[in-house]
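These are the structures, in structure tokens.
In what follows, subunit A forms one complex with subunit B and a second complex with subunit C.
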Partner chain A sequence: MARRRPRGFLDPVRERVDVLERRVLGPDATPVKRATFNRALTALVILVLGALIFAPLYGFDPAALLAWLVSAALYVPPWESIPRVGRFVRPVATLVLVIAYPFYFDSMFTIPIFGPFPDIATGVVMLVFAMMAIGLNIVVGYAGLLDLGYVAFYAIGSYTAAWFASVQFANRTVHFGSVGIGPTVPGFHISIWLLLALAAFLSALVGVIIGLPTLRLRGDYLAIVTLGFGEIMPQIARNGDNFFGTGFNLTNGPNGITPVDSPGFGATLHRVTGGVLPDNYQTALNSDNVFFWTAVGLVLFTIFCSLRLRDSRLGRAWIAIREDETAAAAMGVPLMRTKTWAYAGGAFFGGIAGAYYASFKGSTFPGDFFFNISVMILCMVVLGGMGNIWGVIVGALFLTYLDREGLANIGAWLNENLGLNIEVPKYEFGIFGVILLVVMLFRPEGLIPSARRKAEFEEGVHDQPLYDVSH
Partner chain B sequence: MANVIMEARELRKEFGGLVAVDDVDFTIPENSIVSLIGPNGAGKTTFFNMLTGVYKPTAGRILLRAIDVTGKPPHAITERGVGRTFQNIRLFQTMTALENVLVGMHTQLKGGILPSILRTPRIKREEAAARDRARELLVFSGLSGVHDEYARNLSYGDQRRLEVARALAIEPKLLLLDEPTAGMNPQETLEFTDFVAKLRSDQGLAVLMIEHDMRVVMGISDRVTVFDYGEKIAEGTPVEIQQNERVIEAYLGSGAATGGAAG
Partner chain C sequence: MVTEARRPPVPLLAYRPSLTAIFGLALVGIVLVWLVLQLLAEPADFVEISLIGVTTGAIYALVALGYTLVYGILELINFAHGDVFMLGGMLSATVAASWFGLESGQTGTVVWFSIIGTLLISMAFCGVLNASIERVAYRPLRGAPRLAPLITAIGMSFILQNVALAWKGPNFIEVVDVLPHSNVFDIAGVSYAWNKLIVVLITVPVLILLLWLVEQSRQGKAMRATAQDMDASAMMGINVNRTISFTFLIAGALAGAAGLLYALYVTNIRYDQGFQLGLIAFTAAVLGGIGNLPGAVLGALLIGLIQAYNEGLSKSEVFGITVPAPPGGAWTQSIVFTILILILVFRPEGLLGERTPEGA
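Presenting the complex of A and B:
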């Protein structure tokens, strides 16, 4: 029964590190000391590798050294052993670094091959996808339901924002809390803040409606049905300019809905707060920055809810269902209701992300919601480490970065230095596939797995005897 | 006779053409220990799965304290105070022992979504109380010092004990044990038998168990029911069963009639 983990190619390295560690620290160092030593060694290796690669390619860059120093100062010392405040040091410092990103990103160093750091507009998209990945993680990572149509909720969120904050329904004129819209402009113009909430609840509702008939299915069958819903949504969006032949223009078809209103706090709040709260995001001088900071806030909100849910009665029930449906039901967990909640929870955050993204781009098109987006979000969850929010966030940021900037940069570097002429971004999904394969081969639990997942994939330390003997 | 906690009336289950359980009438009185025995493939576990809602009966009715629960989903039956363990251990492998028990408390806890996210004082109190109760149950079931171990890392005996602790977390009135001593050594079996007797005397539980170890069956059962080919072929006190000709013929063999182990 015990799954034996095959000896990985990194294992000899690990063993040598262990030997080195014993030689430096002595045989009975505390675990904290040993972990610190390991982290210091990692940081040192990165510095040496960095110097070896950087120096010949770009020459010495003080920004790179500074970045290394800051990361090492955060990563190496055993901050968590400081009583009470210690465990907040790394998260808070990371958050500060993220919030300050717009101020230092353009003076950052150039990463070899990958090129410069992502700009702020890319950062917003990365955060939006992080939010969706955390949402999907509730469905896939916690409850173990394979959802291949998550993009449907993203679409519902986007269109909710587009319907109620644009000129789409021009025969009505309803204004409420919108910014930068003249009072005579037709159509619904509701405050984006309200629409974020509306999109969340509408998506959750659709999640329940989709969930009720489909969640009776298990495993692959569920995946196929969700795949179907993921395909239906963009088709409805594409053909919705003449809804069921009634002439009712729901989605404006392939032309999409544009422009979508901007979020903002309005002139009064802008003045009262001395210009801290922006009047109108899309026309603000630091437009991308305010979108970025708001996205950081939304991601924090998503993380918070997701962690609290995981540690609640409902979260336990989700994990129980993932582990063993029959046993969970026998323990009094109502399967349908609990799975539906997982679906609704995931959809909730997908809806917020969709609405926010529509408002950021100022538009929404059916082409934004094709199947490949579902797969990409699923890749983020799997790559990062199913069930672990931090892993999922890292996976989402990295893949979105590759999608937006990274692959193009890498392609440019390859073409320039190797004299090739390949359009690398064209092979995006092939490359994602290879990344996923490599991760599955060498680190099937994901980059940063949750403790649970790790336990699942590692060889059991204790025996599991007699399992098959007694029958 | 005491009040009946669970009753099956002409319960029947067919899989295709195969009749796994053939019109069985069956009662479990309150605060009693009833054993279900029979050769492999006699339909015992199928019968169990019908009582707990995992299978829908083809025909017949199941009454829980005189309320019809036929065809209700498993969680609805669990909510009415029926806890169970599984023949081949089905713990939540990557949850800790404590978390496993907490899942068992699912029906007793209230914790809604919004209060859980906000972590209101009520939720905090409820969770703390649930954890205390779970620890108590683990200790009561003979599991000390392994609360934070993943279930999959526990020894076989401890996994069996954890399954019982998890079932007890439901606060059942009726506990269904499917071959609880399978794979245990004689010492563990003895301890477990005492434990089941204690459950009945201290907690007032009724216990229905499928068991192959005749020492356990004959030692603590008030009544024994024998299945063969999906039919109930005998029912009575352990002594009656030991002397029942049909049972001896069909299943026990002559050795068991004198109290030896069979199975």
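Presenting the complex of A and C:
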């Protein structure tokens, strides 16, 4: 028996379309014909809507018109029906648009209410959080384990970068592949590229260490343990300048560790490639742009790993555990090992993201790792659609944009146009709370759901209550 | 013959503790030895700090009971509970100051009537609030995967925090200081102030009332039946939805009482304190055995004592041994959460809980 679901806001529209389709094509049209009809209708709607929205708002702003034409050209025609190359058209075109973003973002139009397009520094943060959201999606979306302390892995990644690429441990002087640092500067100075890998493995290791004792607990206990762990981490970071009175300065306390070294390829590679590869990211002329492109590369790597993991033997075991733990165990899926791998996998990407972010900001502070951030990342996964990597990315980009620029812009618009005086960014986490609540109540599968997850939420769990819960 | 030879040797002890049990007991043993040494070093300080711990523990107990009641019936961690408690504290502060016109340092019978009045208002408000949260955020998801209500609980918690933020702003708000600070007794250097005793004096009757309600009353019976088996109790004619609403109402009322006591005792409160305190109270509930009412009280008292010892005790010397100081207030949360993790690892059913087939 399917759980009674509230009707989606698009359901009435869909029914009308069905009626229209039957009237135009007759009752027994072939699926191909119906698909073509639907596509034609969608194209028509997009064209008309675009004309209606864009024309009055922008007065035929060429940038807006171009953006609308490009997106229509990309998403309306049936590109995927071209044999062989067809299925690559949309991803490749999207990727090209993303990579070219630094060149056209400041000539873009202003979106009503939301304001201008995000700048490149915001774009880097958006991509970093997209990476974290994809990592958390492995734990929450694939394996169905609620992790409320994901920020801990982000913290471990950040502090790994900070420890081994700054003057924090000044009584040692170790240099290896760092850029822009004089050879006599004290402290560890390891190349950020190596530290990304180190942070990933360290986070994964910590994930396993936390996971082993706690993963045998049931889901909600796991949630609270991860939450506890996520609360302990920033406290260690905050009090770590004098560990239990021993005088050992691990984290430099509330002052944080700063500056963190910059990533870069060094002078030799810079010269050999004719200046294509920057020698030092932070001092490069197009500093934000190179950080942005590298972040795009890291996100692509994360997406690739995540997709391959999902379709692997391990990934299928995760999904089996998520759908029915008992049945999965009965089929021979080793629960503990599989869950621990999910944990480690999620932590891995959290670590990379944390280390890269620390190197981008050039600093690490304990205040960056509050519980709020864990919830924000969870909110990205839930909003986008648990289990669907594309949904999660969209959720992450959108929410990080709101966090960095969007809410301030929206607030300014509201206060100006409605005569209000609200500090909208102050209520950011209340807004995230509302998003969590509304999405779980009305569209638990998220905005862009994976078909499988959607079915689970519609079917519900197997022990259906006998009594009616809907009144 | 062969089978005879393979028979395992009879163990010397009938009870053979596992390795984790030994390790856990050793941890507890070390802490106990440390406490005894501290007691011998500074007896008066130690007793006074213990009394502070009991007072804090009493407030935690009221909040922890709310978690344990809800968990017992729905197996849901109500993350919003701590924020209900915080809103109760803020409402109490406002009601006491603006409706009853209390002022800091005021004395006389009018203070007592005002406190009782504020208590009732706060309990009613938080009870209704908690029941409405259940109705809006948890009931529609009762058939959904377990993840879903947990996520809405987190969402609800953030919403309540922001309601308080919009209402009272981001800073600590001052609460009228009306509880008398004079000493109840002062024996051999151990003093106990009235404001601490009053917290305990209000907590105890509320706890007794709750125990009576759950153990003796008809509604309490329905609650216990629903907690055991929702479907079976529905078939026996129990209105499951009403019972669950009632449970949330009671839990919220307890949080309201705790909110008032906290506000009057600590005399300041901030919008984000509920969540932190709620997590500590939840740890107390898990420590005592979640779903078990006396367990929640016991756990809360223990956590209160641990917090007080951690924040109050210092390095001392006895019999020529230097007794090390605890890590101090900056680490309280870490210690509480470490206890939570250790409990879940070593004894997931808690101190007074029963081992469930799911292994907690």
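What we mean here is this: the second predicted complex is superposed on the first by the 407 of 471 C-alpha atoms of A that agree within 3 Å, B and C clash if a C-alpha of one lies under 4 Å from a C-alpha of the other, contacts with A are read in each partner's own complex, and residues count from 1 in each chain.
The rule is short, and it goes like this: a residue touches a chain if its C-beta (ideal position, glycine included) is under 8 Å from a C-beta of that chain, and two chains touch if they have at least 3 such contacts.
Being a predicted model, the structure only gives us computed values, none of them experimental.
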> So which one touches more of the residues on subunit A, subunit B or subunit C?
Replying inline: C
>> Just checking: does A:Phe201 make contact with subunit B only, subunit C only, both, or neither of them? Give me first, second, both or neither.
In response: neither
>> Once chain A of both complexes is superposed, is A:Phe114 in touch with subunit B (first), subunit C (second), both, or neither?
In response: neither
> First (subunit B), second (subunit C), both or neither: which does A:Phe398 touch?
Replying inline: neither
> Is A:Ile232 in contact with subunit B, with subunit C, with both, or with neither (first, second, both, neither)?
Replying inline: second
> Which holds for A:Trp413: it touches subunit B only (first), subunit C only (second), both, or neither?
Replying inline: neither
>> Quick check on the superposed pair: does A:Trp68 touch subunit B, subunit C, both, or neither? Answer first, second, both or neither.
In response: neither
>> Identify the residues of subunit A that lie in both the subunit B contact region and the subunit C contact region.
In response: 456, 460-461, 464-467, 469-470
> Along subunit C, where are the residues that touch subunit A in the complex?
Replying inline: 75-77, 137, 139-152, 154-159, 161-163, 165-166, 170, 230-231, 234-235, 240-241, 275, 279, 282-283, 286, 325, 327, 330-331, 333-334, 337-338, 340-341, 344-345, 348, 358-360
> Taking the complex as given, what residues does subunit B use to touch subunit A?
Replying inline: 52-54, 73-76, 78-79, 84, 86-95, 99, 102-104, 106-107, 109, 111, 113, 116-119, 123, 127, 150, 152-156, 166-167, 169-170, 179, 182-183
> Mind pulling up the subunit A residues that touch subunit C in the complex?
Replying inline: 3, 140, 144, 146, 148, 213-214, 216-221, 223-225, 227-229, 231-232, 235-236, 238-239, 244-245, 371, 375, 378, 382, 426-427, 429-437, 440-441, 444, 456-457, 460-461, 464-467, 469-470
>> List the residues on subunit A that touch subunit B in their complex, please.
In response: 304-305, 308-309, 312-317, 319-320, 323-324, 326-335, 341, 345, 452-453, 455-456, 460-467, 469-471
